[in-house]
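Both of the next two complexes hold subunit A, though its partner changes from subunit B to subunit C.
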Partner chain A sequence: MSLPKPAMRGLLAKRLRFHLPIAFGLSIIAAVAFKFTVTEPRKQAYADFYKHYDSMKEFSAMREAGVFESVRPTGK
Partner chain B sequence: YINTRVLRGLQSGLSSDRLWSFSSTASVAARSYSHGKQETDEEFDARWVTYFNKPDIDAWELRKGMNTLIGYDLVPEPKILEAALRACRRLNDLASAIRILEAVKDKSGPHKEIYPYVLQELRPTLSELGIPTPEELGIDKA
Partner chain C sequence: MEMLHLTAGRVAGLLSRRGVAVFSTSGVKMASHGGVTEQTDMSVPLYCDRLDTPLPDRPYKDTLSAADKSLKQKEKGPWNSLSKEEKLALYRIMFNETYAEMKKPTGEWKTVLGGIFFFIGFTGLVVLWQRYYVYPPHPRTLDDEWQAMQVKRMLDMRVNPVEGFSAKWDYEKGQWK
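Let's turn to the complex of A and B:
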(Lines of atoms letter the chains of each structure in order from A and count residues from 1; the text may use other names and numbers.)
(Lines give C-alpha, C1' and ligand atoms only; values in the text may rest on other atoms or scores of the structure.)
Protein backbone atom coordinates (compact mmCIF):
# COMPACT_ATOMS: atom_id res chain seq x y z
CA MET A 1 0.00 0.00 0.00
CA SER A 2 1.84 3.03 -1.31
CA LEU A 3 0.34 6.36 -0.35
CA PRO A 4 -0.28 8.79 -3.20
CA LYS A 5 1.36 12.18 -3.10
CA PRO A 6 -0.95 14.73 -1.53
CA ALA A 7 -1.01 18.44 -2.22
CA MET A 8 1.79 20.02 -0.24
CA ARG A 9 1.99 23.60 -1.48
CA GLY A 10 -0.19 26.60 -1.07
CA LEU A 11 -2.39 25.02 1.58
CA LEU A 12 -2.76 28.23 3.56
CA ALA A 13 -3.42 30.22 0.42
CA LYS A 14 -6.19 27.82 -0.51
CA ARG A 15 -7.70 28.07 2.94
CA LEU A 16 -7.52 31.85 2.96
CA ARG A 17 -8.98 32.09 -0.51
CA PHE A 18 -12.01 30.32 0.85
CA HIS A 19 -12.29 31.83 4.30
CA LEU A 20 -11.20 35.44 3.84
CA PRO A 21 -14.11 36.49 1.62
CA ILE A 22 -16.44 34.86 4.09
CA ALA A 23 -14.72 36.65 6.97
CA PHE A 24 -14.90 40.02 5.27
CA GLY A 25 -18.46 39.36 4.20
CA LEU A 26 -19.61 38.40 7.65
CA SER A 27 -17.83 41.39 9.19
CA ILE A 28 -19.48 43.76 6.79
CA ILE A 29 -22.85 42.15 7.41
CA ALA A 30 -22.28 42.48 11.15
CA ALA A 31 -21.42 46.15 10.79
CA VAL A 32 -24.42 46.85 8.57
CA ALA A 33 -26.72 44.94 10.90
CA PHE A 34 -25.41 46.90 13.87
CA LYS A 35 -25.92 50.14 12.04
CA PHE A 36 -29.52 49.40 11.26
CA THR A 37 -30.54 47.72 14.50
CA VAL A 38 -28.68 49.95 16.97
CA THR A 39 -27.27 53.21 15.67
CA GLU A 40 -30.14 54.25 13.42
CA PRO A 41 -32.85 53.56 16.04
CA ARG A 42 -30.74 55.43 18.57
CA LYS A 43 -30.35 58.40 16.31
CA GLN A 44 -34.08 58.33 15.61
CA ALA A 45 -34.87 58.17 19.32
CA TYR A 46 -32.76 61.26 19.94
CA ALA A 47 -34.33 63.05 17.00
CA ASP A 48 -37.82 62.18 18.21
CA PHE A 49 -37.02 63.31 21.73
CA TYR A 50 -35.69 66.66 20.67
CA LYS A 51 -38.22 67.35 17.95
CA HIS A 52 -40.74 68.86 20.37
CA TYR A 53 -38.38 69.52 23.27
CA ASP A 54 -39.12 72.74 25.10
CA SER A 55 -35.91 73.60 26.90
CA MET A 56 -37.34 76.59 28.76
CA LYS A 57 -40.21 74.51 30.13
CA GLU A 58 -37.79 71.83 31.27
CA PHE A 59 -35.56 74.46 32.81
CA SER A 60 -38.43 75.99 34.75
CA ALA A 61 -39.51 72.60 36.06
CA MET A 62 -35.95 71.93 37.24
CA ARG A 63 -35.72 75.40 38.75
CA GLU A 64 -38.90 74.98 40.72
CA ALA A 65 -37.67 71.59 41.92
CA GLY A 66 -34.77 73.47 43.49
CA VAL A 67 -31.97 71.51 41.92
CA PHE A 68 -29.96 74.53 40.77
CA GLU A 69 -27.49 76.50 42.80
CA SER A 70 -27.22 79.37 40.36
CA VAL A 71 -30.94 80.28 40.32
CA ARG A 72 -33.47 79.93 43.11
CA PRO A 73 -37.05 78.80 42.51
CA THR A 74 -39.35 81.75 41.63
CA GLY A 75 -40.90 83.23 44.66
CA LYS A 76 -37.90 82.73 46.99
CA TYR B 1 5.95 42.49 0.60
CA ILE B 2 4.28 40.65 -2.18
CA ASN B 3 3.49 37.00 -1.93
CA THR B 4 4.22 36.13 -5.50
CA ARG B 5 3.79 32.40 -5.30
CA VAL B 6 0.46 32.75 -3.61
CA LEU B 7 -0.66 35.12 -6.34
CA ARG B 8 0.54 32.74 -8.96
CA GLY B 9 -1.01 29.72 -7.37
CA LEU B 10 -4.31 31.42 -6.86
CA GLN B 11 -4.51 32.74 -10.39
CA SER B 12 -7.15 34.92 -8.91
CA GLY B 13 -8.31 38.39 -9.62
CA LEU B 14 -7.29 39.65 -6.22
CA SER B 15 -5.71 42.93 -7.09
CA SER B 16 -4.23 44.24 -3.90
CA ASP B 17 -0.80 42.92 -3.21
CA ARG B 18 -1.10 44.19 0.36
CA LEU B 19 -3.77 41.58 0.97
CA TRP B 20 -1.11 38.91 1.21
CA SER B 21 1.51 40.72 3.21
CA PHE B 22 1.23 38.73 6.41
CA SER B 23 4.51 38.58 8.22
CA SER B 24 4.47 34.91 9.07
CA THR B 25 2.89 33.38 5.97
CA ALA B 26 5.89 34.19 3.87
CA SER B 27 6.03 33.81 0.16
CA VAL B 28 7.78 30.89 -1.39
CA ALA B 29 9.88 33.04 -3.71
CA ALA B 30 13.11 34.23 -2.19
CA ARG B 31 12.59 37.67 -3.58
CA SER B 32 9.07 38.97 -3.34
CA TYR B 33 8.67 40.93 -6.54
CA SER B 34 5.63 40.58 -8.71
CA HIS B 35 7.81 41.28 -11.74
CA GLY B 36 10.81 39.26 -12.75
CA LYS B 37 11.07 35.60 -13.60
CA GLN B 38 9.00 33.36 -11.34
CA GLU B 39 10.83 30.41 -9.85
CA THR B 40 9.23 27.06 -10.58
CA ASP B 41 8.50 24.54 -7.88
CA GLU B 42 11.31 22.37 -9.20
CA GLU B 43 13.80 25.24 -9.11
CA PHE B 44 12.72 26.07 -5.58
CA ASP B 45 13.15 22.47 -4.46
CA ALA B 46 16.51 22.14 -6.18
CA ARG B 47 17.75 25.31 -4.53
CA TRP B 48 16.89 24.02 -1.09
CA VAL B 49 18.32 20.58 -1.72
CA THR B 50 21.56 22.25 -2.76
CA TYR B 51 21.47 24.40 0.38
CA PHE B 52 21.27 21.42 2.71
CA ASN B 53 23.70 19.35 0.65
CA LYS B 54 26.55 21.70 1.37
CA PRO B 55 29.18 19.31 2.73
CA ASP B 56 30.46 21.68 5.39
CA ILE B 57 27.09 23.18 6.36
CA ASP B 58 27.22 24.47 9.90
CA ALA B 59 24.69 24.25 12.66
CA TRP B 60 23.57 27.84 12.25
CA GLU B 61 22.94 27.35 8.54
CA LEU B 62 20.96 24.22 9.25
CA ARG B 63 18.75 26.00 11.77
CA LYS B 64 18.42 29.08 9.59
CA GLY B 65 17.55 26.99 6.58
CA MET B 66 14.93 24.96 8.41
CA ASN B 67 13.36 27.99 10.04
CA THR B 68 13.17 29.82 6.74
CA LEU B 69 11.77 26.77 4.99
CA ILE B 70 9.14 26.28 7.67
CA GLY B 71 8.03 29.88 7.20
CA TYR B 72 6.81 29.19 3.68
CA ASP B 73 3.29 28.25 2.72
CA LEU B 74 4.23 24.68 1.85
CA VAL B 75 5.26 21.37 3.37
CA PRO B 76 8.81 20.73 2.18
CA GLU B 77 9.27 18.03 -0.41
CA PRO B 78 10.73 14.76 0.84
CA LYS B 79 13.86 15.35 -1.19
CA ILE B 80 14.52 18.61 0.61
CA LEU B 81 13.87 16.95 3.95
CA GLU B 82 16.23 14.11 3.04
CA ALA B 83 18.99 16.62 2.36
CA ALA B 84 18.24 18.34 5.66
CA LEU B 85 18.31 15.03 7.55
CA ARG B 86 21.66 14.15 5.99
CA ALA B 87 22.92 17.56 7.05
CA CYS B 88 21.80 16.72 10.59
CA ARG B 89 23.78 13.50 10.30
CA ARG B 90 26.92 15.37 9.25
CA LEU B 91 26.43 17.68 12.21
CA ASN B 92 25.73 14.79 14.61
CA ASP B 93 22.42 16.46 15.43
CA LEU B 94 19.82 13.75 16.01
CA ALA B 95 17.59 16.12 17.96
CA SER B 96 17.19 18.42 14.99
CA ALA B 97 16.52 15.47 12.73
CA ILE B 98 13.61 14.35 14.89
CA ARG B 99 12.46 17.95 15.23
CA ILE B 100 12.31 18.23 11.47
CA LEU B 101 9.86 15.35 11.40
CA GLU B 102 7.76 17.02 14.07
CA ALA B 103 7.81 20.20 12.03
CA VAL B 104 6.53 18.39 8.95
CA LYS B 105 3.60 17.05 10.92
CA ASP B 106 2.90 20.49 12.31
CA LYS B 107 3.10 22.19 8.92
CA SER B 108 0.57 19.77 7.53
CA GLY B 109 -2.05 21.23 9.81
CA PRO B 110 -5.42 19.62 9.25
CA HIS B 111 -4.18 17.71 6.19
CA LYS B 112 -3.49 14.45 7.93
CA GLU B 113 -2.51 12.58 4.80
CA ILE B 114 0.71 14.55 4.27
CA TYR B 115 2.81 13.31 7.21
CA PRO B 116 2.33 9.58 6.54
CA TYR B 117 3.21 10.19 2.91
CA VAL B 118 6.40 12.06 3.83
CA LEU B 119 7.40 9.33 6.27
CA GLN B 120 6.79 6.78 3.54
CA GLU B 121 9.08 8.63 1.19
CA LEU B 122 11.72 9.18 3.86
CA ARG B 123 11.63 5.66 5.25
CA PRO B 124 14.81 4.48 3.44
CA THR B 125 16.69 7.56 4.62
CA LEU B 126 15.41 7.26 8.17
CA SER B 127 16.48 3.63 8.29
CA GLU B 128 19.87 4.37 6.77
CA LEU B 129 20.64 7.19 9.15
CA GLY B 130 19.06 5.52 12.15
CA ILE B 131 16.59 8.32 12.83
CA PRO B 132 13.58 7.30 14.93
CA THR B 133 10.26 9.03 14.36
CA PRO B 134 8.52 10.89 17.20
CA GLU B 135 5.87 8.17 17.12
CA GLU B 136 8.48 5.44 17.59
CA LEU B 137 9.86 7.35 20.56
CA GLY B 138 6.43 7.92 22.04
CA ILE B 139 6.96 11.67 22.14
CA ASP B 140 4.24 12.50 19.64
CA LYS B 141 1.56 12.51 22.32
CA ALA B 142 1.65 15.11 25.04
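Let's turn to the complex of A and C:
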Protein backbone atom coordinates (compact mmCIF):
# COMPACT_ATOMS: atom_id res chain seq x y z
CA MET A 1 0.00 0.00 0.00
CA SER A 2 3.01 2.33 0.07
CA LEU A 3 2.99 3.61 -3.51
CA PRO A 4 5.01 6.67 -4.44
CA LYS A 5 2.96 9.85 -4.63
CA PRO A 6 2.25 10.64 -8.29
CA ALA A 7 3.24 13.96 -9.85
CA MET A 8 0.50 16.43 -9.03
CA ARG A 9 1.77 19.56 -10.72
CA GLY A 10 3.65 20.71 -13.77
CA LEU A 11 2.22 18.00 -16.01
CA LEU A 12 1.63 20.31 -18.95
CA ALA A 13 5.03 21.93 -18.52
CA LYS A 14 6.70 18.54 -18.55
CA ARG A 15 4.82 17.55 -21.70
CA LEU A 16 5.71 20.80 -23.43
CA ARG A 17 9.38 20.48 -22.45
CA PHE A 18 9.39 17.19 -24.29
CA HIS A 19 7.15 17.88 -27.26
CA LEU A 20 7.85 21.49 -28.19
CA PRO A 21 11.48 21.00 -29.31
CA ILE A 22 10.36 18.03 -31.37
CA ALA A 23 7.51 20.03 -32.89
CA PHE A 24 9.74 22.97 -33.76
CA GLY A 25 12.41 20.67 -35.12
CA LEU A 26 10.04 18.76 -37.37
CA SER A 27 8.43 21.96 -38.63
CA ILE A 28 11.79 23.49 -39.47
CA ILE A 29 12.88 20.30 -41.21
CA ALA A 30 9.65 20.30 -43.24
CA ALA A 31 10.15 23.92 -44.26
CA VAL A 32 13.79 23.39 -45.23
CA ALA A 33 12.92 20.26 -47.19
CA PHE A 34 10.17 22.10 -49.05
CA LYS A 35 12.54 24.97 -49.85
CA PHE A 36 15.19 22.72 -51.36
CA THR A 37 12.91 20.28 -53.16
CA VAL A 38 10.28 22.67 -54.49
CA THR A 39 11.05 26.38 -54.40
CA GLU A 40 14.72 26.28 -55.47
CA PRO A 41 14.11 23.96 -58.44
CA ARG A 42 11.14 26.08 -59.42
CA LYS A 43 13.17 29.28 -59.34
CA GLN A 44 15.87 27.59 -61.38
CA ALA A 45 13.32 26.34 -63.93
CA TYR A 46 11.96 29.85 -64.42
CA ALA A 47 15.47 31.29 -64.70
CA ASP A 48 16.40 28.69 -67.31
CA PHE A 49 13.19 29.27 -69.26
CA TYR A 50 13.64 33.01 -69.52
CA LYS A 51 17.40 32.92 -70.16
CA HIS A 52 16.92 32.13 -73.85
CA TYR A 53 13.30 33.25 -74.30
CA ASP A 54 12.48 35.04 -77.50
CA SER A 55 9.06 36.57 -76.95
CA MET A 56 8.62 37.72 -80.57
CA LYS A 57 9.33 34.25 -81.88
CA GLU A 58 6.83 32.74 -79.48
CA PHE A 59 4.29 35.38 -80.40
CA SER A 60 4.67 34.67 -84.12
CA ALA A 61 4.31 30.94 -83.51
CA MET A 62 1.13 31.49 -81.53
CA ARG A 63 -0.19 33.90 -84.17
CA GLU A 64 0.37 31.41 -86.97
CA ALA A 65 -1.38 28.74 -84.94
CA GLY A 66 -4.41 31.05 -84.90
CA VAL A 67 -5.07 31.38 -81.17
CA PHE A 68 -5.34 35.19 -81.17
CA GLU A 69 -8.43 37.23 -81.95
CA SER A 70 -6.68 40.61 -82.25
CA VAL A 71 -4.16 39.50 -84.92
CA ARG A 72 -4.89 36.97 -87.64
CA PRO A 73 -2.24 34.60 -89.01
CA THR A 74 0.00 36.39 -91.60
CA GLY A 75 -1.60 34.54 -94.53
CA LYS A 76 -4.92 36.37 -94.27
CA MET B 1 -59.27 34.88 -24.72
CA GLU B 2 -62.21 32.56 -24.20
CA MET B 3 -60.76 30.03 -26.70
CA LEU B 4 -57.42 30.10 -24.91
CA HIS B 5 -59.08 29.35 -21.59
CA LEU B 6 -60.93 26.32 -22.97
CA THR B 7 -57.88 24.73 -24.65
CA ALA B 8 -55.76 25.28 -21.57
CA GLY B 9 -58.34 23.37 -19.58
CA ARG B 10 -58.28 20.49 -22.05
CA VAL B 11 -54.50 20.29 -21.93
CA ALA B 12 -54.56 20.29 -18.15
CA GLY B 13 -57.04 17.40 -18.22
CA LEU B 14 -54.78 15.37 -20.50
CA LEU B 15 -51.75 16.12 -18.36
CA SER B 16 -53.46 15.04 -15.20
CA ARG B 17 -54.44 11.67 -16.70
CA ARG B 18 -50.90 11.14 -17.98
CA GLY B 19 -49.49 12.29 -14.68
CA VAL B 20 -51.37 9.57 -12.79
CA ALA B 21 -49.98 6.91 -15.14
CA VAL B 22 -46.40 8.15 -14.70
CA PHE B 23 -46.47 8.27 -10.94
CA SER B 24 -47.90 4.80 -10.46
CA THR B 25 -45.44 2.12 -9.46
CA SER B 26 -46.18 -0.27 -12.31
CA GLY B 27 -43.15 -0.88 -14.47
CA VAL B 28 -42.24 -1.02 -18.13
CA LYS B 29 -44.44 -3.13 -20.39
CA MET B 30 -42.47 -5.16 -22.90
CA ALA B 31 -43.66 -4.48 -26.42
CA SER B 32 -46.39 -6.94 -27.36
CA HIS B 33 -49.84 -6.89 -28.91
CA GLY B 34 -52.47 -8.11 -26.52
CA GLY B 35 -51.18 -10.68 -24.08
CA VAL B 36 -50.08 -10.03 -20.51
CA THR B 37 -46.27 -9.92 -20.42
CA GLU B 38 -43.89 -9.88 -17.50
CA GLN B 39 -43.08 -6.39 -16.31
CA THR B 40 -39.75 -5.71 -14.68
CA ASP B 41 -40.24 -3.53 -11.63
CA MET B 42 -37.96 -0.57 -12.37
CA SER B 43 -38.52 1.00 -8.97
CA VAL B 44 -36.22 -1.44 -7.09
CA PRO B 45 -32.45 -1.85 -7.54
CA LEU B 46 -31.65 -4.01 -10.58
CA TYR B 47 -28.75 -6.25 -11.51
CA CYS B 48 -26.78 -5.50 -14.67
CA ASP B 49 -23.73 -7.02 -16.39
CA ARG B 50 -21.87 -3.88 -17.48
CA LEU B 51 -18.18 -3.28 -17.97
CA ASP B 52 -18.41 0.20 -16.48
CA THR B 53 -20.39 -0.91 -13.39
CA PRO B 54 -18.23 -3.37 -11.43
CA LEU B 55 -20.60 -3.48 -8.44
CA PRO B 56 -24.26 -3.67 -9.51
CA ASP B 57 -27.05 -2.45 -7.28
CA ARG B 58 -27.96 -5.91 -6.05
CA PRO B 59 -26.55 -9.44 -6.10
CA TYR B 60 -27.43 -11.63 -9.03
CA LYS B 61 -29.22 -14.32 -7.04
CA ASP B 62 -31.45 -12.78 -4.45
CA THR B 63 -33.50 -15.87 -3.67
CA LEU B 64 -30.96 -18.23 -2.15
CA SER B 65 -31.40 -21.95 -1.80
CA ALA B 66 -30.64 -23.62 1.52
CA ALA B 67 -27.14 -24.61 0.34
CA ASP B 68 -26.50 -21.04 -0.74
CA LYS B 69 -27.70 -19.71 2.60
CA SER B 70 -25.39 -21.99 4.54
CA LEU B 71 -22.54 -20.93 2.26
CA LYS B 72 -23.32 -17.29 3.00
CA GLN B 73 -23.17 -18.10 6.72
CA LYS B 74 -19.76 -19.72 6.18
CA GLU B 75 -18.64 -16.60 4.33
CA LYS B 76 -19.06 -14.63 7.52
CA GLY B 77 -16.16 -16.55 9.02
CA PRO B 78 -12.48 -16.54 7.98
CA TRP B 79 -12.17 -16.87 4.21
CA ASN B 80 -9.15 -19.14 4.34
CA SER B 81 -11.53 -21.93 5.35
CA LEU B 82 -13.45 -21.64 2.06
CA SER B 83 -12.50 -24.09 -0.66
CA LYS B 84 -11.97 -22.93 -4.23
CA GLU B 85 -15.36 -24.28 -5.37
CA GLU B 86 -17.08 -22.47 -2.51
CA LYS B 87 -15.41 -19.19 -3.46
CA LEU B 88 -16.51 -19.66 -7.05
CA ALA B 89 -20.04 -20.48 -5.89
CA LEU B 90 -20.09 -17.29 -3.81
CA TYR B 91 -18.92 -15.32 -6.84
CA ARG B 92 -21.66 -16.79 -8.99
CA ILE B 93 -24.23 -15.87 -6.35
CA MET B 94 -23.13 -12.25 -6.54
CA PHE B 95 -22.47 -12.00 -10.25
CA ASN B 96 -23.85 -13.49 -13.44
CA GLU B 97 -20.91 -13.15 -15.82
CA THR B 98 -17.26 -12.57 -15.12
CA TYR B 99 -15.44 -9.71 -16.80
CA ALA B 100 -13.79 -12.19 -19.13
CA GLU B 101 -17.20 -13.56 -20.11
CA MET B 102 -18.61 -10.06 -20.60
CA LYS B 103 -15.70 -9.06 -22.79
CA LYS B 104 -15.91 -12.18 -24.91
CA PRO B 105 -15.75 -11.30 -28.62
CA THR B 106 -19.08 -11.80 -30.35
CA GLY B 107 -18.04 -11.99 -34.00
CA GLU B 108 -20.54 -9.28 -34.75
CA TRP B 109 -17.95 -7.50 -36.86
CA LYS B 110 -18.18 -10.23 -39.46
CA THR B 111 -21.90 -9.57 -39.89
CA VAL B 112 -21.31 -5.83 -40.04
CA LEU B 113 -18.52 -6.09 -42.59
CA GLY B 114 -20.48 -8.59 -44.65
CA GLY B 115 -23.49 -6.30 -44.64
CA ILE B 116 -21.33 -3.36 -45.71
CA PHE B 117 -19.84 -5.25 -48.64
CA PHE B 118 -23.20 -6.64 -49.65
CA PHE B 119 -24.79 -3.21 -49.84
CA ILE B 120 -21.79 -1.69 -51.58
CA GLY B 121 -22.09 -4.45 -54.16
CA PHE B 122 -25.79 -3.83 -54.55
CA THR B 123 -25.12 -0.12 -54.99
CA GLY B 124 -22.61 -1.02 -57.69
CA LEU B 125 -25.31 -2.91 -59.56
CA VAL B 126 -27.67 0.05 -59.23
CA VAL B 127 -25.01 2.41 -60.59
CA LEU B 128 -24.35 0.03 -63.48
CA TRP B 129 -28.03 -0.04 -64.38
CA GLN B 130 -28.08 3.76 -64.21
CA ARG B 131 -25.12 3.96 -66.58
CA TYR B 132 -27.12 2.16 -69.26
CA TYR B 133 -30.69 3.33 -68.62
CA VAL B 134 -30.50 6.75 -67.01
CA TYR B 135 -27.43 8.69 -68.10
CA PRO B 136 -27.88 10.98 -71.12
CA PRO B 137 -25.43 10.71 -74.05
CA HIS B 138 -21.94 12.15 -73.60
CA PRO B 139 -21.30 15.81 -74.48
CA ARG B 140 -19.23 16.09 -77.68
CA THR B 141 -16.38 17.70 -75.78
CA LEU B 142 -15.50 14.26 -74.41
CA ASP B 143 -14.96 12.67 -77.83
CA ASP B 144 -11.40 11.67 -78.68
CA GLU B 145 -11.17 13.96 -81.69
CA TRP B 146 -12.44 16.95 -79.76
CA GLN B 147 -9.95 16.17 -76.97
CA ALA B 148 -7.12 15.99 -79.53
CA MET B 149 -8.16 19.37 -80.96
CA GLN B 150 -8.30 20.71 -77.40
CA VAL B 151 -4.77 19.50 -76.61
CA LYS B 152 -3.44 21.06 -79.83
CA ARG B 153 -5.04 24.38 -78.98
CA MET B 154 -3.61 24.29 -75.45
CA LEU B 155 -0.12 23.68 -76.87
CA ASP B 156 -0.58 26.47 -79.43
CA MET B 157 -1.53 28.83 -76.61
CA ARG B 158 1.59 27.74 -74.67
CA VAL B 159 -0.37 26.76 -71.55
CA ASN B 160 2.05 26.53 -68.57
CA PRO B 161 5.23 26.62 -70.66
CA VAL B 162 7.71 26.79 -67.74
CA GLU B 163 6.94 23.75 -65.58
CA GLY B 164 3.53 22.44 -66.63
CA PHE B 165 1.63 21.32 -69.71
CA SER B 166 3.48 22.90 -72.65
CA ALA B 167 6.84 22.39 -70.94
CA LYS B 168 6.43 18.67 -71.64
CA TRP B 169 5.95 19.16 -75.40
CA ASP B 170 8.95 19.36 -77.71
CA TYR B 171 8.02 22.14 -80.16
CA GLU B 172 10.91 21.44 -82.55
CA LYS B 173 10.21 17.80 -83.01
CA GLY B 174 6.41 18.00 -82.60
CA GLN B 175 6.13 15.27 -80.00
CA TRP B 176 5.99 14.78 -76.23
CA LYS B 177 9.35 14.93 -74.49
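In the analysis below, the second predicted complex is superposed on the first by the 76 of 76 C-alpha atoms of A that agree within 3 Å, B and C clash if a C-alpha of one lies under 4 Å from a C-alpha of the other, contacts with A are read in each partner's own complex, and residues count from 1 in each chain.
Criterion: a contact is a pair of C-beta atoms (placed from the backbone, for glycine too) under 8 Å apart; a residue touches a chain by one contact, two chains touch by 3 or more.
Because the structure is a prediction, the values reported are computed rather than measured.
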Check your understanding: Touching A:Met62, do we find subunit B (first), subunit C (second), both, or neither?
Key -> second
Check your understanding: What is the contact status of A:Ala13 with respect to subunit B (first) and subunit C (second): first, second, both, or neither?
Key -> first
Exercise for review: Check the residue A:Ile28 against both partner chains and state whether it touches subunit B (first), subunit C (second), both, or neither.
Suggested key: neither
Revision key, fill the gap. Per residue count on subunit A, the busier partner among subunit B and subunit C is B
Practice item. For A:Lys5, decide between first (touching subunit B), second (touching subunit C), both and neither. Key: first
Review point. For subunit C, which residues count as touching subunit A in their complex?
Key: 153, 156-158, 161-163, 167, 171
Revision key, fill the gap. Seen from subunit B, its contact residues with subunit A in the complex are 3, 5-6, 9-10, 12, 19, 25, 28, 41, 73-77, 109, 111, 113-114, 116-117, 120
Review point. Residues of subunit A touching subunit C in their complex?
Key: 42, 45-46, 49, 58, 61-62, 65-67
Exercise for review: Could you pull out which subunit A residues touch subunit B in their complex?
Suggested key: 2-13, 17, 20
